[in-house]
Amino acid sequence: MDFAHPARVLDLLDRVATFVRDEVEPAEVDHRRAVEADPWAVPPVVEELKAKARAQGLWNLFLPSESGLSTVEYAPLAEAMGRSPLAPEVFNCNAPDTGNMEVLHLYGSQAQQDRWLKPLLDGLIRSAFCMTEPDVASSDATNMAATAIPDDDEIVLNGTKWFSTGLGHPNCSVVIFMGLTDPTAPRHAQHSMVLVPLDTPGVTIDRMLPVFGRHDEPYGHGQVTFTDVRLPLDSVIAGLGRGFEIAQGRLGPGRVHHCMRLIGLAERALELACVRATRRVAFGKPLADLGGNRERVATARIAIDQARLLVLHTAWKLDAHGLAATRSEISQIKVAVPAMALSVIDMAIQLHGAAGMTDDFPLAAAYAAARSLRLADGPDEVHQDVVARLELKKHRP
Amino acid sequence: MDFAHPARVLDLLDRVATFVRDEVEPAEVDHRRAVEADPWAVPPVVEELKAKARAQGLWNLFLPSESGLSTVEYAPLAEAMGRSPLAPEVFNCNAPDTGNMEVLHLYGSQAQQDRWLKPLLDGLIRSAFCMTEPDVASSDATNMAATAIPDDDEIVLNGTKWFSTGLGHPNCSVVIFMGLTDPTAPRHAQHSMVLVPLDTPGVTIDRMLPVFGRHDEPYGHGQVTFTDVRLPLDSVIAGLGRGFEIAQGRLGPGRVHHCMRLIGLAERALELACVRATRRVAFGKPLADLGGNRERVATARIAIDQARLLVLHTAWKLDAHGLAATRSEISQIKVAVPAMALSVIDMAIQLHGAAGMTDDFPLAAAYAAARSLRLADGPDEVHQDVVARLELKKHRP
Amino acid sequence: MDFAHPARVLDLLDRVATFVRDEVEPAEVDHRRAVEADPWAVPPVVEELKAKARAQGLWNLFLPSESGLSTVEYAPLAEAMGRSPLAPEVFNCNAPDTGNMEVLHLYGSQAQQDRWLKPLLDGLIRSAFCMTEPDVASSDATNMAATAIPDDDEIVLNGTKWFSTGLGHPNCSVVIFMGLTDPTAPRHAQHSMVLVPLDTPGVTIDRMLPVFGRHDEPYGHGQVTFTDVRLPLDSVIAGLGRGFEIAQGRLGPGRVHHCMRLIGLAERALELACVRATRRVAFGKPLADLGGNRERVATARIAIDQARLLVLHTAWKLDAHGLAATRSEISQIKVAVPAMALSVIDMAIQLHGAAGMTDDFPLAAAYAAARSLRLADGPDEVHQDVVARLELKKHRP
Amino acid sequence: MDFAHPARVLDLLDRVATFVRDEVEPAEVDHRRAVEADPWAVPPVVEELKAKARAQGLWNLFLPSESGLSTVEYAPLAEAMGRSPLAPEVFNCNAPDTGNMEVLHLYGSQAQQDRWLKPLLDGLIRSAFCMTEPDVASSDATNMAATAIPDDDEIVLNGTKWFSTGLGHPNCSVVIFMGLTDPTAPRHAQHSMVLVPLDTPGVTIDRMLPVFGRHDEPYGHGQVTFTDVRLPLDSVIAGLGRGFEIAQGRLGPGRVHHCMRLIGLAERALELACVRATRRVAFGKPLADLGGNRERVATARIAIDQARLLVLHTAWKLDAHGLAATRSEISQIKVAVPAMALSVIDMAIQLHGAAGMTDDFPLAAAYAAARSLRLADGPDEVHQDVVARLELKKHRP
C-alpha cells in the first residue's frame, strides 16, 4: 500500500492549488458582483483566467487522453478545483461538460467529435445534459417518459427535461438528450442519447429553476421542452438503444470528480471556520476556545479525511478493476461525501454567525451546492440500496 | 394536568387554520409570481387578505391587551399561522412588528403609542428592529458598538446594524434602534432603545442581505448605517439605559411565537411529505413503501410533537411563573425547535426529489427560514450555555 | 392548558421522591453487594423498605382502583421511582407485576383475583409474563408458535418462551402465558392468556438470559419451556381467544409507566453528570468548563424535558380519550424515550471516564436497561411503523 | 497511490482469516461455556489453538522484528484477528502484551528481555499495564498520583492503579507500572516505567472491575494497589524519567492495532446482521426487505470502509513519516473507529432482536468492548482536542 501521489501529480497539484489560491479565489467577489449586475453574461475575468490556466498547461486535466492522468491521479486536482465554484470552468474541467466530453471522446463519431468535442476541449462552447424529468421519479430510470424515435433518416425527440445544469450559460450550444427509443427492447437497450444543437427548432427553454433560492447564474438549471425536434439520425451517439450503456460509462469517473470537488469545498469551509474561530472574539475569548467549537473542528477534519480516502480508493479501484467491480464504492461515495460536506459547511456557517448565511462568504452557496448533490444523479436512498443489495448478496442463503 | 385548549382558543384555532388553508395557502403561488415581477412592492393579495382577516376578527391576536389571549393560548394560533410565510402578515402577527408593538404597548409613552403603535396595530405601517451588528459577535451583547448618546434635548445615534428584517418593505416607516449610552453604568443599564423614523437624515440603507440566497422580498434583511442621526430625546423608549430591560421583556413571548410558527412550518412540511409519499411512485411502489421513508415520517411526527409540547409548556410557565423562572425553557425552545424543523423540512425536501429544491414547493424557502433561526436572536451555542449553566448550578458543590 | 399537577399528586410526588432519595438510593450499594454474594436471594433491605413504604401509604400507587390516581397522575410518581432500579419493587410498582395485576384486576375472575391478585397486591409473591419466543420474530405477533389448546375441562400449554423478566426471583409464583388457541379464528381472537403456577408439572426453566452481560439478579430474564402443561380451564383469563384483547389493554398504561421510569433514570444520570462535571478536574478546570461538556448537559436537559412532556401528554390522552385514540402516541413514546435515555446515560458515562463503565456508579447498568427497552415490547422499527401508518393515513389519496 | 496489499501480506491475510473462520470462531461457544464454568482458568482450547497457529507461522506477527511486517502491512492481519475476542491471544497478538513486548523490545535491557520478553514472545506468560488511576482524571497525565521513587539501589512504588486489563489471567506474571519520579523535572521527564513481577510483596489486587457488566474472564480488568513495593533499580525500563517517552512510542502502532481489531469486529457484526436480515422473517418478509434495514446495512458498509481507510492511511503515514508527523491521524482514528464500531454493532443487535442482547451472539459483548475504547487510552474528547489544536494551528493569525 502506498498513499503517496506520484511526482507528476504532486507537481500538478501544487500548480493547480496555487492557481486557485492566488488567481481564482481572489476573483470570486468581482465575479459575484459582475453576475449580480448582468446575471446571464460571462464575467470577463473568467475568460482571462481560462487563458492563463491554459497557458500554464492546466487545461482539460480531467480527460485521460488529454492529460495522461488516471482517475486516481486526477482526483486530487479535482479536489483543489472544488475549493472555488469558479475554478472548474477556469481549468475547463466543469460539469456537465466533462462528462459530455468523455462521452464524445469514447462514443462519438469522428464528425460528432469534430463538431462538438473540439470546441468543448477548447472551452469555446459549453453543453448541457438532459436526463431528469419533472413528472416522474427519475431515481427509477425506467420511468423516463421522453422519447427519441427514429423516423426514416431522422430521429424525433419529444418530452420535458429539467435540472439541465449549464443550460442558461450564453455559450451553451449543445445538449445531450436521453429518450426512450424502444420499450420492447431489453431493459438496458431501450434508450438513446442524441446530440441536440440548442437552436434546433422545437427546443424551448421553459425556465431556469432556482435551487435553494439560487439560479447559479450564468450557468442556470434549465427546464426545457422538446416538441417534435427532428435531427439527422447521425446525431444519435453510438447508435440507437445505447443510451444506458453510455450513461453507465459516464458515471464512474463523473462521481469521483463530483465527490472530490465537494471535498475541496469542505476543506475550504473548514479553513474558513478555523480562520474565523481563531480571530472572532466573544465573551472575551476567540470562538475556538468556546464550548464545543474545537470538537466540531476535529469532527470536520476526521470526516473530510475519511471521505477523501473513500473517494481516492474508489478512483483507484475504478482504474485497477473497472466499473463493474466498483459499483458499490461508486454508490458509497455518492452517499457519504455530500452528507459529510453538508455537515462541515453547516458547522462553518454556524461559526460565522449571521454573516455565514449571506454571500459575503462562499458558505451559504456551498451548502446549497452540496445539498443538491444528495439528489442529483440519484438520491441517497437509491445509492444506499445499491450498496445494501451488493452487501446482502454476499450473505444470502 | 390538562392538555386541552379552552373553547375560545379552539374556536379561534379552527377559524385561523381554515383561513390559512382556504385563503392564504392558495394565494402563495400568485404572491410569489407578483414578487418575482416586482420584488419590493406589496402584492395586492396581501392587503385583500388582511382586510378579510381583520373583518373576521382574526387580527392582532398576538397582543394580550387586544385579544385577551395569554401566551399559551395564542401559541396554537401562531402555529397555524406558521404554515405559510404569508400568513403572519395577513393576521397582523408578523415579526418583528409583533415584538415592536409589544415594546410600544408596554414601554411606549402615549405620544409614541399614538404615533407608531396605532398604525402598526392597524397594519398601515411596518417596522424593523436594529440590534445585530456586522463587526462584532452579537451573541455577546456587551460587544455592541453602536451608540445612542444624549446631547442636550436630543439623542445622537451612530453605528451600523444588519439583519434588520422587514427594512425593505415599502411600508416600513420606523425602526427601533439599540445603542450604547453609558459604558460606565451597570452592565444591564448601559444601552438605550430609540424610535427612528426611517426617513430621518443620517439613516442610510446600505444593502439588502441575501439569507441563504434569498432576499425574502418584499420584507428584506437590511444593513443600515446611522451617521449622526439626531432625534428628540423623547424618541427614547422608557428612558435612557433601559434598553436591555426592554429587550429582555420582548424575548419570552417572541421566542414562543417564533418557535410555534416554526412548528407550523414543520407540520406543513410533514404534510407535504406524506402527500408526496403516498402519490409518487418509483420502482413500482409509492415512496411511502420504499426503504426508510416510513421511519422518517414517524421520526418527524415524534420530533414535532415533542417540540410543540416543549414550547407550549414554556408558554404556560411564562404565563404562570414569569420570565425569570422560565429562562432555561426559553433558551431550550430556541435550541430545540429550529433543529427539529430543519430535520423535518430536509426530509420532506428529500422525498420531493429535485422538485423539493425549487420554489415549486415551499420547502426550500422553509429550510432557509428555519436555518436562519439557529442564528437569529442568539446562536444555538449561546442558548445551550444558558441551559447548561442553570442546570449545573443546581448541583454545584 | 394547565401543566400543573394537582395538590394530591404533588404531595405524593414529594413523599415518593424523598423516600427514594433518603431511603432507596443509599441502599443501592448494600443491595448490590448482597446480590453479588447471593445472587438469587432477596436482600433483606428490600423487605424492610417495602414495609416502610407501605406504612407510609406509598404502595400500589400504579393501580387506579387502589390509589385513585389516573395514568397522568401516577406518571410523575413512576418517574420518581425510575431513579433507582430498587425503587419500583419497594413501592410494589415493579414490572411485570404491575401489568399482571392490572390484567387480573380488569379481567380476572373472583377466584383468580383471590388466589393471585391479593398476594401480588400485598407484595408477598411475584409474577412473570410469558409472551416472547426465541424462534420467531416476536415483533410480528402472528408468528407466535406456543399453543394453549383446550382439552375437555383442561387447557394444555406447549412452547418455549424467553425474556420472562422476574422469573428468577425467589418469590416468583405464577406466570401469565400467552399461546395460540385457534388459528382459524379472526386474527385478534386466536390467542389465550393462562395463569400458570410456576410449580406446575411440565414447566421447565431452561436458563436465565444475560442482557448486555447482566442477569439482573435476583429478578432474572428467564427462558422457560412448557411441555404438555395441563391446567384447569378456569386458569384461562377472561375466556379462550381473548389474549390479544387483554394484551392490548395492558399496553397503554404499561408503556407510560416504563417510559416515565426511564425518564427518572435519565434524570438521575444527568444529575450524576452534573455532579461529576462540577467536581472532577482535568487540565486545571472542572470538566464542566472543558470542550463541549456544557453543550451536552444542555442537550440532555432539553431531550429529557421533551420526552417527559410527550409521555405526560400521552398519559393524559389515554385518560381523556382512550386507547384507540392514543395508538400513535403510545408508539411514539416507546420509540422516543429509550433513545433519549440512552443518549443521556451514555453522555453521563463518558463524563465519568472509566469509572462510568463499572458498577461503582449506576450508569452502566442503566444503559443496559434502557437499551433493552428499544427491543422489549416491540422493537423501535415496529412502533415507528405504527406511527407512520397513522400519519400517512391522514393524507392518503 | 496504490491500495493493493503486497503478495506476502495477502498470503498471510488469507491464512489468518481462514484460521479465524475455521478454527477460532467455531471455538467461541465452547470457550464461553468453559469460562462460565471456571472463570479464571484458561480454557484448554486456547492453548491448542495457540500451538496450531504457531506451527503455521502465524505468531507474533505484530512485532516488526519478528515478522518483518510494517505497521500498514500488519494492519489487515489485526483486522482479521479482531473478528473474534479469542483470536488475538491465539496468534500471540493480544493487548496489552503486544504493547509491552514492543516496549521491552525497544527499551528493555538484555536482562529484562531475557526474563520477560522471551516468555511473552513464546506465549508462556502474560502481562498487564498499570497506568490509569481511580482518583484522578487520567485523561490529563499530569494528574498521575502514583510514585516510583529511587531509594539507593532500589525503586519504591506506591499508588493505586485500575483498568489493568489482563491482570486476572492465571498466566499474568508481570506488570509495567508507571509512576511519578521527579515532579521538578521537565514535564515529560517526570515519570518512570518499572517492571513489577506480580508476586512482589506489596502488590495487592483489590478487585476485578466489571466493564459494562462484564469481567471479561479470564483476562479481567484489575484494580491493584502498590504499597512500598521495592524492586532493584534495574527494574526500571530505559532509565528513570523516561516513562512518557516510552509511553509515547508505544502509542502509535498500538492504536492502529486496536482500531484495526475494532474494524474486524464491526465487519463481523455487519456480517451477522446480513445473515440475520436475509433469513429472519417478520410480517411475511425477510428483515432485509423491511423498513430502513437496507439503508442501515449500507450505512454500516460505508462507515466501516471509511474507517478502515483512515486507519490504513494512518499506519502508512506512521511507517513513512514517523510518529511526530502522524499525531493528528493517531488521535483521529482513536475518535472515529470506536464510534463507527458502536453504531454498526448496535445496528446488528437491533436486527437480532432480543437475542442480540444475550450472549448467544457475540454482539452484546462486542458493544461493551467497543464502548470501552471510547474511554481507554484517553477519552474521545482529549483526542478531538489534539486534532483540533493541530488543525487550528495551521490557520492561527
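Order as written gives the chain letters A, B, C and D; numbering starts at 1 within each chain.
We adopt the following convention: a residue touches a chain if its C-beta (ideal position, glycine included) is under 8 Å from a C-beta of that chain, and two chains touch if they have at least 3 such contacts.
If you want to know which protein each chain is, UniProt gives these names: A, B, C, D = Acyl-CoA dehydrogenase.
Since the structure is predicted, the reported quantities are computational estimates derived from the model, not experimental observations.
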item	value
Chain pair showing more contacts of the two, B-C and A-C	B-C
Most distant chain from chain D (Acyl-CoA dehydrogenase), judged by the mean position of its C-alpha atoms	B
Approximate Å spacing (C-alpha centroids) for the pair chain A (Acyl-CoA dehydrogenase), chain C (Acyl-CoA dehydrogenase)	53
Averaged-CA centre spacing for the pair chain B (Acyl-CoA dehydrogenase) and chain A (Acyl-CoA dehydrogenase), given as whole angstrom	37
Centre-to-centre distance between chain C (Acyl-CoA dehydrogenase) and chain B (Acyl-CoA dehydrogenase) (centres being mean Cα positions), rounded to whole Å	42
Overlap residues in chain C (Acyl-CoA dehydrogenase), where contacts from two or more other chains coincide	291-292, 294-295, 381, 384-385
Chain B (Acyl-CoA dehydrogenase) residues touching chain A (Acyl-CoA dehydrogenase) - in the complex, by the definition given at the top	132, 134, 137-140, 143, 162-163, 209-214, 280-283, 287, 290-293, 349-350, 353-359, 364-365, 367-368, 371-372, 374-376, 379-381, 384-385
Touching residues (chain side chain C (Acyl-CoA dehydrogenase), partner chain B (Acyl-CoA dehydrogenase)) in the complex	1-5, 72-73, 270-271, 274-275, 277-279, 288, 294-295, 297-299, 301-302, 305-307, 309-310, 312-313, 316-317, 320, 328-329, 332, 335-336, 381, 383-389, 391-392, 394-397
Chain A (Acyl-CoA dehydrogenase) partner contacts - residues on chain C (Acyl-CoA dehydrogenase) that touch it in the complex	291-292, 294-296
